[in-house]
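These are the structures, in structure tokens.
Across the two complexes that follow, chain A remains constant while its partner is chain B and subsequently chain C.
Presenting the complex of A and B:
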């Protein structure tokens, strides 16, 4: 009895300390600074195999964060977000292969093309709501994949190979195009995405406008928020980030195929990561991205099956939606308490009273 | 009219019959549960796989398994519905979209589980009916299996429609689709009838999967194509508008048949997805304008 009590109070002490820390105005600066230092030092302790895994984890955290902007904060479930990842990759590929330009212009043009496409697609598509928006964006992404499979400029069904020489980067790099170099590029992009997401969506008036659109679009409109404009801005921003990640990914992996970079699995993973971590939170995509990515890599490493993570993810997503709609972050910060989960189980059991 | 043209047309009509079976259930589920089921193609895949695995294990003709698979998936669907009902109600952010995400989880689970357990290879369903053909002089030659498939499609559609429009249970289901709260106030056991609707949908779709597996083959990755087909049908027909699906399903079968014969097949899917996208933007209530307008 007494041992239990000390345990509880010990936990409460820790939680109180965590709460006191997170309540501080400058908590995010400390957290972010610690993340920067940690990620900068990480490659020193990793061989190239684990550096590659860390690189992948960083990319997925960033991609999940970009999906979270439109899906989590604005409440528009974009089932075609992966299209921008693929478009970024292919634009970079085309710029480097067909125009023989270095990677840096390729990256910039990928961002510009992503923004232009997102604007053109966003204007009509963002008029749709809910499921209609989800289906439309899904159809758009699948159409883009089919187009890339048909067109000659993307290499069609043969895919596309990118230059691998160190000189193709644009500016000289000490050490050449090593795994560690790409790690730092991805880390910079990923940290930049998280920081931008925090500053724009959590720490500014714009963020409140975006969340107002999610919570009640009509009410937001009646308060004088130009919802159409806000939605477009978030959509374009999140799509540009996905395109930039696609660009770096293509340059790193050096071979891209429409079935891979434009495949629906890219979007699927982003959605799953954000949901699992926690929709519309800054830590959600980080936690979810790491969990899902490491689960997929570790299962192929230790369970000897490269597909077993799919059913596992499927079950995870169902459990989260059923019992903890605010994700892992919601469970950790107490938004979903044990009582809530219990209530959910009881309510679900009631629904089985079918006859 | 040339013989090729007539034969292509009739082949398309035969194919359309089975697509209608998939589309009608999908549309009904949207009406009743207000859920857009991203797992629709995976029910087709699961049905085809169940057919392939069971024929191999039992050594029976694939056609005998049709009632078995229907009952099996009716039961599965019957017990999946409470989960869907739970995630679309109660205290949670964006409840209707959570239903969509849940079916997304079902789809990922189904595809991944089949891929992991059975491997990526395609399988065929054995049946005596896959080899024969019916010759109509002056019109063309039609594989027996396609004729049987179309007959099943029409028959199941008639039974389904009879249940929906001529029985008390069907009336209850239509009432729920109209207004869930009011239906409940009228004393309808909404849980039971929602489960029947989802079970019937899962059963019909999986059974359609056996026939599709008999005509083509079964593979773990086949689901996406049929999800696309189902979306195409209901978007053209208007979400939740059942009679429109009969038309759009037949259109789909005929178009697919003609494109495969007369045009290069590589443009099929691009056109399909592009059409879904454009129709949703231009006319969200379907080409006939009778679906539920965008909410």
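Presenting the complex of A and C:
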């Protein structure tokens, strides 16, 4: 009894300290600073293999965060987001291979192409809502994949190889194009995406307007918010980020194929990561991205199967959707309480006559 | 109240297939007036609001607001012009705090200090103590006040309220009515849809009665309630009852 009380009070004490810290105005600066230091030092203790795993985790955290901008904060379930990742990769490839330019112009042009395409696609599709928007964007992504498979400039069904020389980066790199170099590039992009989400979508008037569109589009419009413009802006922003990740990924992996970088699995993973972590939250894509990516890598490493993680993720998603709809982060920050989970379990059990 | 109309419609018509929800409605609201809109369920009141505020594109007629033809304008442009509105179902941005709800509003370009304006509005509505609370955890009444607060951020010259006291307790109803009167004294025009006739009698300078999409009668509440056309609209033909059910 006494031990239980100690535990409870200990937990309360920890929660109180966490709450007190997060309530501080400069909490985000400390958190972000700690993340920068941690990620800067991480490769020092990792070999090439684990650096590659960390690099992948960072990429997926950033990609999930980019999807969260349109899917989570704006509430528009974009099932074509992966197309921008592929477009970013192919634009960089074309710039480097066909135009013989270094990577940096390729990266910039990937961003520009992503923005232009997102604007053009966003104009008609963002008029749609709910599942209509999801289907339209999914169809767009499929069309992009088929296009890349038949075009000569993308290498068609043969895919495309990118240059691997250190000089192709555009500026001298100490140590050459090592795994660690790409780790730092990906870490900078991923941290930048999280920081951008925090500052622009969580703590700015623009972010409040994006969330207003998600919560009630008509009410937002009645308050002078040009919802069409806001949706287009956040959609373009999220797609540019996906394109930039695609660009870095292509340069790192040096071979891209439409079935891989334009495949629907890219979007599916982003959606799953965000749903699992917590939709429309800053930490959700971080937690979800790390969980799903590491689960997939660890299962192939320790269980010898690269697909066993899929049913595990499936079960996790079902549990989250059924019992804790605000994701893992919602469970941790109290948005979904233990009582809510219990209630959800009982409701489901009653429905299927399990109790 | 001045004689200058701030909001006018001429033959405003809205159809949904074969149903004419608003049938050539003409009405005029003077600046500084509180106008009530009453009518039985399905008489076209909310459709009328939606046509006035740009949520529906009228099939005919015009909407004039503050001397400008705003027919066919998008809702956000009408709001920026100074016409605010609430919805029948209260619609706060539930995942945001009260303060963030107000910050999201597109304020007039000449507003220098948005934070100060927010504080002023929260204090006026007596919800400053819950400024940092999430809207999702607030009571229905508090959410109604929050809605009103958001509209005030637009600095509107005319506010359209769709059933502002529906589902609120008598104490809060009194508070809402008090806020409406106070704002009206400062010059804000109100157009209010309300089913509670005691509220209409207490607050409205005049009422417009809609029935089957048509403006059937207008005038001070006490005159309108005894009008046979109004009795017929509410109670059917050959009704023996006396006036609108109050």
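Everything below uses one rule, namely that the second predicted complex is superposed on the first by the 351 of 355 C-alpha atoms of A that agree within 3 Å, B and C clash if a C-alpha of one lies under 4 Å from a C-alpha of the other, contacts with A are read in each partner's own complex, and residues count from 1 in each chain.
Here is the rule we go by: a residue touches a chain if its C-beta (ideal position, glycine included) is under 8 Å from a C-beta of that chain, and two chains touch if they have at least 3 such contacts.
Just so it is clear, the structure is predicted and the values come from calculations on it, not from any experiment.
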Fit or clash - chain C, chain B, common chain A: fit
First, second, both or neither for A:116, with chain B first and chain C second: neither
First (chain B), second (chain C), both or neither touched by A:97: neither
First (chain B), second (chain C), both or neither touched by A:226: second
Which superposed partner A:290 touches (first chain B, second chain C, both, neither): neither
Angle at chain A between chain B and chain C, C-alpha centres, nearest 10 degrees: 80
Chain B versus chain C as contact partner of A:308, first or second or both or neither: first
First, second, both or neither for A:218, with chain B first and chain C second: second
First (chain B), second (chain C), both or neither touched by A:341: neither
First, second, both or neither for A:195, with chain B first and chain C second: neither
Of chain C and chain B, partner touching more chain A residues: B
Shortest span in Å between Cα atoms of chain B and of chain C, once chain A is used as the common reference: 10
Shared chain A contacts, counted only where both chain B and chain C touch the same residue: 280
Residue ranges of chain B in contact with chain A within the complex: 36, 78-79, 82-83, 85-87, 90, 92-94, 96-98, 100-102, 104-113, 115-116, 191-192, 195, 224, 228, 231, 235, 239, 266-267, 269-270, 273-274, 276-277, 280-281, 284, 294-295
For the chain C and chain A complex, residues of the former touching the latter: 53, 55, 74-76, 79-80, 84-85, 87, 91-96, 100-101, 103-107, 150-151, 153-154
Residue ranges of chain A touching chain C (in the complex, touch as defined): 205, 208-209, 211-212, 214-216, 218-227, 280
Sites on chain A touched by chain B in the complex: 75, 77, 124-125, 127-132, 134-136, 138-140, 142-143, 146-147, 149-150, 264, 268, 271-272, 275, 279-280, 305, 307-318, 321-322, 325-326, 344, 347-348, 351-355
